[in-house]
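Order as written gives the chain letters A, B, C, D, E and F; numbering starts at 1 within each chain.
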Amino acid sequence: MFFHKQELQYNSVPDQPDAVYARKLQEVLGGQYGEITVAMQYSFQAWNIHIPGKYRDLLYGIASEEFGHVEMLAKMIVQLLEKSPLGITEKDVQSDPTVAAVVGGTDVQHAIVAGAGARPVDSMGNPWSGAYITASGNLLADFTSNANAEMQGRLQVARLYHMTDDHGVRDLLSFLLARDTMHQNQWIASARELQEEGSEQLPVPSNFPRSKEYTAVSHQYINFSDGPDAAKGSWAEGPTPDGEGEFTYLDGPDTSAPMPAPTHPDSRIFGTTELPNTVEKAAGTVQDKLHKE
Amino acid sequence: MFFHKQELQYNSVPDQPDAVYARKLQEVLGGQYGEITVAMQYSFQAWNIHIPGKYRDLLYGIASEEFGHVEMLAKMIVQLLEKSPLGITEKDVQSDPTVAAVVGGTDVQHAIVAGAGARPVDSMGNPWSGAYITASGNLLADFTSNANAEMQGRLQVARLYHMTDDHGVRDLLSFLLARDTMHQNQWIASARELQEEGSEQLPVPSNFPRSKEYTAVSHQYINFSDGPDAAKGSWAEGPTPDGEGEFTYLDGPDTSAPMPAPTHPDSRIFGTTELPNTVEKAAGTVQDKLHKE
Amino acid sequence: MFFHKQELQYNSVPDQPDAVYARKLQEVLGGQYGEITVAMQYSFQAWNIHIPGKYRDLLYGIASEEFGHVEMLAKMIVQLLEKSPLGITEKDVQSDPTVAAVVGGTDVQHAIVAGAGARPVDSMGNPWSGAYITASGNLLADFTSNANAEMQGRLQVARLYHMTDDHGVRDLLSFLLARDTMHQNQWIASARELQEEGSEQLPVPSNFPRSKEYTAVSHQYINFSDGPDAAKGSWAEGPTPDGEGEFTYLDGPDTSAPMPAPTHPDSRIFGTTELPNTVEKAAGTVQDKLHKE
Amino acid sequence: MFFHKQELQYNSVPDQPDAVYARKLQEVLGGQYGEITVAMQYSFQAWNIHIPGKYRDLLYGIASEEFGHVEMLAKMIVQLLEKSPLGITEKDVQSDPTVAAVVGGTDVQHAIVAGAGARPVDSMGNPWSGAYITASGNLLADFTSNANAEMQGRLQVARLYHMTDDHGVRDLLSFLLARDTMHQNQWIASARELQEEGSEQLPVPSNFPRSKEYTAVSHQYINFSDGPDAAKGSWAEGPTPDGEGEFTYLDGPDTSAPMPAPTHPDSRIFGTTELPNTVEKAAGTVQDKLHKE
Amino acid sequence: MFFHKQELQYNSVPDQPDAVYARKLQEVLGGQYGEITVAMQYSFQAWNIHIPGKYRDLLYGIASEEFGHVEMLAKMIVQLLEKSPLGITEKDVQSDPTVAAVVGGTDVQHAIVAGAGARPVDSMGNPWSGAYITASGNLLADFTSNANAEMQGRLQVARLYHMTDDHGVRDLLSFLLARDTMHQNQWIASARELQEEGSEQLPVPSNFPRSKEYTAVSHQYINFSDGPDAAKGSWAEGPTPDGEGEFTYLDGPDTSAPMPAPTHPDSRIFGTTELPNTVEKAAGTVQDKLHKE
Amino acid sequence: MFFHKQELQYNSVPDQPDAVYARKLQEVLGGQYGEITVAMQYSFQAWNIHIPGKYRDLLYGIASEEFGHVEMLAKMIVQLLEKSPLGITEKDVQSDPTVAAVVGGTDVQHAIVAGAGARPVDSMGNPWSGAYITASGNLLADFTSNANAEMQGRLQVARLYHMTDDHGVRDLLSFLLARDTMHQNQWIASARELQEEGSEQLPVPSNFPRSKEYTAVSHQYINFSDGPDAAKGSWAEGPTPDGEGEFTYLDGPDTSAPMPAPTHPDSRIFGTTELPNTVEKAAGTVQDKLHKE
C-alpha cells in the first residue's frame, strides 16, 4: 500500500516562470530515464523479486521515494508554467527575442492540453512508455540496470543545471543530484553484495550451465571494424572479469557458416519464387484446383 | 561504411519448423534487449563519442558484429516458419493438441504480413523502437548500460534455451550465449578502465562540481517503506563505492517542504478556479470584454 | 511524498497458477483503463489543480489508493505465473488440450523478459502509455473523464470475473469491483458539486464567453447518416442539459462553404502542381537560377 | 457506406498564413481529443453496438459529421502553411523576432514530410493512435466517455481561440465550439435517457450481480492522503448517486492483508533466489544434469 | 463533408463465429496496410494536393469508398466474435483441441475491452498509428505509395483467404480482392498519366535542379555485399528508367572520406573526453569556477 | 555478416554548427523514410526472400550501403551540434533573434539526452519504429514499396537542401540525392524485370487464382465523392495496366447489402442491450444464479 503526505521532500519553488525550461524539465519527469521510470522500475522489481528480506526492502524503500520525486518535478513544472505567455498574439513577442524564443521553444501541449499543467511525457512530447522499464527477476542484471538509470538520470540533471540560472530550480536540482549520487552508490553496492554472497555472479545468469555455452568464443574479442586500437584495452588481453579465463583478440571472425538457402513456404503465402508466378487467368489450372479445399 | 558478406558467423539451421518458437525468438531479435538494440546502441555511441582511439574502436568492433547477429536470428526465424501451418482450417488442428497450441501461439503477422518472414518486432509483436537505445556521450554511464543490455540479453537467451529441444536452435543459442558472456566481460572491463584512467568516476558525471550538489543527503539511505532489513546491506552502512564518504540510514525522510500553493494561470486557460466560473451568457460582461483584444 | 507499507489492502492469493489468466489480468493493471492509468491520472490532476482544499484532497486521497491497487494486481499476477509451464517442449502439452491452450494463450514476455514477473503492459502486450491519461486543469471535464475511467475499469473487471473460477482471483476482483463502484459514485458526486457550486457548468469550459460561439448551431442535431430514429431521443427535442435552449433536429446540414482552392506553397517544397514539373536537366534554367541564393 | 461531397460544413479560410498556429491546430485534428478521435470513436461504437434503433442512429449521425470536421481542420492547416518560410536561411529571420519565433515553433515535418500539408498527428508531432478511442459495448460507459471527449475538445478549442487573432481561424473555431456544445449536451442527454429507461444504471455495468461484489467497501471513502478537506464533499457523506446507500469516510484503510511471499518460479527462469546461484563451471553438477532433458 | 448510409457495399455475413479469425482480420482493418490506412492516406493526399481537378477528384472518390471498407470489416469482425467462448473456464476447452486453439489464439482485448467488438488495431493488437500514412504533396511519389499499399493489402487479403473456409468470409474477401485489383490498376495508371503529362517524372522530385546533384554517382550500382549476381540485372547495365543515362556496376565504393574527428561539445554537457574527468571534490578548482556564472 | 570500415562514403563536414538544422536532418536519419528505414527494409527483404541469386544480391548490396548513409548523417549531426548553445541562459539570446530561433527550434534531447549526439528519432523527436518497414516476401509489392521509399526520401532531401546554405551540408545532400536517384531507378528496373520474366505480374499477388475474386468489380471505378473530373483520367476508361480488361466508371456504387443486425454476445460481456439492464440488487435472481458456475 502507498500513502501520500501533502508535503514535498525538498523545496521546489522557482524564482520566476520559464515555460521553455518547464519543457526541458519534462525529460527528468517523464523521459526514458526520468523519475517515473525509476519509480516504476524499482516497484516492479520489488513485486517480481524471488527473495524476501533485505533486497526487497531496499527496492521498496527507494521506489517509494522516487514517486515523491515525480511529484516535486510536477510541482516545479506547474509553477514554471504559471505565467507563461499564451502565444504569438501577445504583443511583446513582436519586439523581444527572448519572448520569441519562449514561444518557439515551449511544449505547446502544456497550454492546449494540460492548461499550464505538467504531463507524463519527455522533453520532446513523447508519452512515458512502459517499455522504458526493466524488471527481469535476475537481481545482478536488474541492479546493473538501476545503476545505469541513476547514472543517466544524474547526467541529465547535471546538463539541465547549466541550462538555467533560476536559484529555485537549481536548488531543487542540487537535491536531485545528491539523491542520484546516493542511488548510484547503492545499486553498485548491492550488485557487489550479490556477487560476494554468491547469489549471482558473472556472467549473468550465473546459474545457467556453462557446459551448454559454446565456450570457445566466450572470451574472444572479434573486431568487425578496422580500428586497431581496439586491441589495446583491458577488454582484449589479460584476465576476464568473470574470473573464468583470459581475453584474446581476433582481427575479424574465424568462424563462419554458409548462408542458409532461401525458404519456400506454402504457396498460399503468395511470395515471389523462382517459378513463373502467373496462373491461368481463366478457371481450371492445376494450382487453382489445389487451392480448393 | 558497412560491408556485407553472404556468410553467417555461426551455424543457424534448425532441425524442424516451429512457428511458436519463431515468435519467441523475435524477442532477442527485435525486443528491448534484442540484437537490433545492441547493434544500434553501440553504433550511436561510436558516432557520438568524444574520444578517438581505443574506446571508439571497441564500440565499432562490437556494433558491427551485432548486426550479423540480427541476421543469424532472422535466418533462423524464416527457417522455423518455413513449414508452419496456415491456420485453423488445416484438418489436423482438430485432433492434435500440439498443433492447436501452435495455431494459438504464433505471431499471426509472420504469415499475414511477412509471408513466413522475420520482422523487426518483439515476441508480443511490438515494433522495435528507437527509444530502446542509450547513447549519452558519457562513457561510464553508457558502458554500464551496455553491461546491463548484455546481461538482460544473455538471460533471455538462457530462458529461450530451455523452451526448445531443437538441436539446431540450441546450437545457435549456445553461440549467442558465449558472445554475450564475452561482451558482458568487455563492458565491465572497459568501465573499470575508464575509472582507473580517471576519465570518468563515480558518481557519474564525475566532472560536475560536487559543490553544487546538496551533499548533506548524498550518502543517506532514506527508507520510504517499512521493511527493516533494508538497513542491513552494504548500501546502508560502511564506505560508499564512490570513495567519498560513509552510508547512513534514516527510517524515513528528515527533510520536508510545504506543498506549493495551487497555480493560477491566465484565465484564458479556462481551468477551474475558486471563483464562480460562469460568465454572463448574454454579451457585455467585464470578463468578456477583457477577452476581446 | 509517498510512503509504502509492506501490506496489501486486500487478500490477493490465487488458488492455483494460471498463466493465461495472468495475461488477461494485465489489462486492468497496465491497459488503457488499468490501475496505472487511474493512479497517474488522479496524481497529475492533483498536481495541476488550481484550487486548494477539498477537490485537491479528494484527488490525492484516491490517487494514492490506486497505486496500491497496481501492487495487488502485480502480486496476483506473479503468483498466477509462478508455476506456469515453460513452453511447448514440456511433454504434457502433447496430450492435453488445456495445456495447449495455456501455451498458446500466454504473454510470452512474462517468461522471457520478466522471469515469471508482472509487467507494465496490457493484455496484448502493449506498454502502458502516458497518452492514456487526462489532466486538463478543468475539473468538470476531468471528473467526467474519471467517471468514465472507473466505468470502463469496472466493466473490464466484471468481464474478467467470468473468465475464471479461481476463488482467490474472484475474491480480489470482488474487492476491486466494490472500489470501482465507490469511485464511480465519487466522481459523479464531485462533478455535481462543481456544478451546484457554480465553479463549472455546461458547456465545459463554462467561463468561455458564449458570445464568441456561433450559437446558431449550438443546439442543433444535424444527422449526417440516414437513420431516422436518431430524431426520437431526448437529444433531438426538448430542453438541453445546459439549460440554455431547446434541441432541434435537422436531417442533414443546412450550412455549407465551398472547398478552398488547393494551396500552392513555395516551389522549393517540390510538390506536384499544374505546371510541367520538369526542369531543364542541363544547367541554366530560370527556375534553377532562382534557387541559387 | 460513406459518401463525400466537395464542400465544407463551414467557412475555413484564414486571413493570413501562420505556420506556428498550424502546428497548434494539429492538436484538435490529430490529438488525443482531436476530431479523428471522435470520428473513429463514434464509428466503432456504432459498429459494436448491441441495440438497433435510436442510439445506433445517433452514433452514426454524429460520427459522420466529425469526419467532416477533420476535413475542415486539414483545409485550414494547409492554408495556414501555404506561405510559411522554409527555414533559417531566409534573410528576414535575422532581424525579426516574430519570424524567429515562427521558425522555432513550427512542426518541421509540415515542410519536410508533408510539403506544407496537414498530418494525422498532434501539436507535438505524435502520430494519432488507435489507443485514443473507447468503444466498450456498454453505452452508459461509452456515452460518458463521449461527454468527456467533447468537454476536453471544447476546452482545447477555447484555449486555441485566444492564441490567435486571425478572424478566419476564429470564425472556424466559433463554429467548432458550438458543435462541441451541442455534442456535450447530446451525450449527457443520451446517458440520462439510458438510465431513465433502465437500460443501464449506476454503477456500470449495472447488470453485474451486486452479490458478487465485496459491498462492505462499496460506499466507503478511504483517504490514503492526509488532506482533511477530502471529508467535506458530497462524495464523503450523504446518499450515493447510485441510490444504493450512504457515503462513509475513513481516515485510511481498515482492511489489510499480508504481502504474499516472493514467488519461486522454475529454476530455468534463472532469477536470483536465496540459494547460491553459481553452478559448478565444469561439467557434471546435479543441477546441470537436471537441465538435460 | 462525409455522409453515411446504413447499408454496406457488399455482403458481410459469416457462416459461423470464429474468434481466432476475427483477430486475424484485424490486420486488414487496422494494420499498417489495412483499410483505415488507405482511407486516411487518400483523404490526407486530397486535402494536401496542390492541383484542382481530376487527381483531387480521384483521391476523394476512392478515399470515401475505403471508409466503407473499414465498416464492412468491422461488421464482419463483430459477427465472428458474437458467440466466441469467454475463456478457459468453459468446460469444453478441456476436451477439445479446436477450442483450445481458439482460446489461445484470440485477441483477448476483443472480449475484455471491446465487449466482443471490433477495434482499431492490427492482428497482434498494435493500435493503428498515424505514422502508417504518406501524403507528401508530390503526386508521383504518393501514387507509388498508394500502388504499394494496394499491393500489400491485396497480398494480405489473399493470405487471409486461405486461412478460413467460411463461405461468408470468403465472399467478402473476394469483393475486397477485386477492389484492390481495381485500385492497384488505378494508381499505376495515374502515376503513368502524371509522367506522360510531364507533371512529374523520374527521379522524383523531377523539378529539383539536377545540377545540384552529385551526378557522378547517380547511375552507379555500388555493391556493398559480395553477391556477384547483383551485376546481372537490368539495374546494373543498360539504360536507366529515368532516361538520363546508363547503369554502371561497381564492386564496392570508389569514393571515400575520412571519418570526422570526434566532437568536443561544451564541457557542461559532461561527456567523457580525453582529459581526466575528475574535478577536485573540494571547492575551488578552475573548472568549477568557470561553471559559476 | 557485416564489417565496418572507419571511413565514410562521402565528405560530411559542415561549414559551421547549426543545431536547428541538425534537428531537421534527423528526419532523413530516423524518420519514416529515413536511412534507418531503407537499411532495415532492404535487409529484412533479403533475409525473407524466397529466391536465390540476383534479386537477393541486389537487396544485400544496397542494404549495406544504406547503413553507411545512416552513419554519414549521424556524423553530420554531431558536427552541427558540436557548438550549439546550451539554452536560454546564454546572454546573447536576449539580443539576437537568430539565436532565439535556434533556442526555440532545437531538439532539446540532443543536448539533455545525447550530449550533443545524434539519435534514432525523426525531426519531431519520434523514435524510429519497426512499423516503418515492409518485407512481405512478394517482390513486386516490395520493390514498389522500395521505389516509394526512395522517392519520399529524395523529396525530403531536396526540401532540406533549400533549408540551409551551408556548403558542407549541401555537399553531403548532393551525394544523397544522387544515390536516391540511382536507387529509384534500380527499384523501378527490378520491378519491371520481375514482370518481364513473369515472376510476378499485376495485380499483386499474381498467383492468387482470379477465379476466386469477384471480378465484376475488378475494373470498375466507383466514385464515392462528387468530383466529376475523376471520370476524365486514364484510370476511368481505356485498358487497365494489368492487361485484363477495360476501366469503367460509375457515379456511385451499384452494389449494396443491408447493414447486419446488431450482435448479442454472451450476457457476461455486460454490454448494453434492449432489455432492462438492472438486476435485483439483493441476492437470488435468476440471472445471478445462472452466473454461478
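Here are a few things to note about the model shown:
Following the convention adopted for this analysis, a contact is a pair of C-beta atoms (placed from the backbone, for glycine too) under 8 Å apart; a residue touches a chain by one contact, two chains touch by 3 or more.
Quantities reported herein were computed from a predicted structural model and do not represent experimental measurements.
Should one ask which of B-C and B-D has more C-beta pairs in contact, the pair is B-C. Where the sister copies chain D and chain E meet, the same residue numbers recur on both sides for over half of the interface positions.
One finds 6 Å separating the Cα centroids of chain A and chain B. Centre-to-centre spacing of chain B and chain E amounts to 25 Å, using the average Cα coordinate of each chain.
Centres computed as Cα averages put chain A at a distance of 27 Å from chain E. Within chain C, the positions touching two or more other chains are listed as 1-9, 32, 56-57, 60-61, 63-64, 68, 75, 78, 86, 89, 97, 100-101, 103-105, 111, 113, 115-116, 121, 124-127, 129, 131, 136-138, 140, 155, 158-159, 162, 165, 205, 208, 212, 224-225, 227, 253, 256, 263-265, 268-271, 291, 293. Touching chain B in their complex are the following residues of chain D: 155, 158-159, 162, 165, 268-270, 291, 293.
Note for the complex: chain A touches chain F at residues 18, 20-21, 23-24, 27, 31-32, 97-98, 100-105, 122-126, 155-156, 159-160, 162-165, 224-227, 252-253, 256, 261-265, 267, 269-279, 281-283, 285, 287-288, 291. Taken together, the chain A residues at the contact with chain B in this complex read 6-13, 32, 53-58, 60-65, 68, 75, 78-79, 81-84, 86, 89, 111, 115-116, 126, 129, 131-132, 134, 136, 138, 140-141, 144-145, 147-148, 151-152, 154-155, 158, 161, 170-171, 174-175, 177-182, 184-190, 192-193, 202-205, 208, 212-225, 227-230, 232-235, 240-242, 247, 253, 255-260, 263-266, 268-271, 293.
The touching residues of chain C, when paired with chain A in their complex, are 1-9, 30, 36, 40, 43-44, 47-48, 57, 60-61, 63-64, 67-68, 70-71, 74-75, 78, 113-121, 127-131, 133, 135-138. Chain E makes touch with chain C in their complex at residues 1-6, 49-52, 56, 86-89, 93-97, 99-101, 103-109, 111-113, 115, 121, 124-127, 136-140, 194, 197-201, 205-212, 244.
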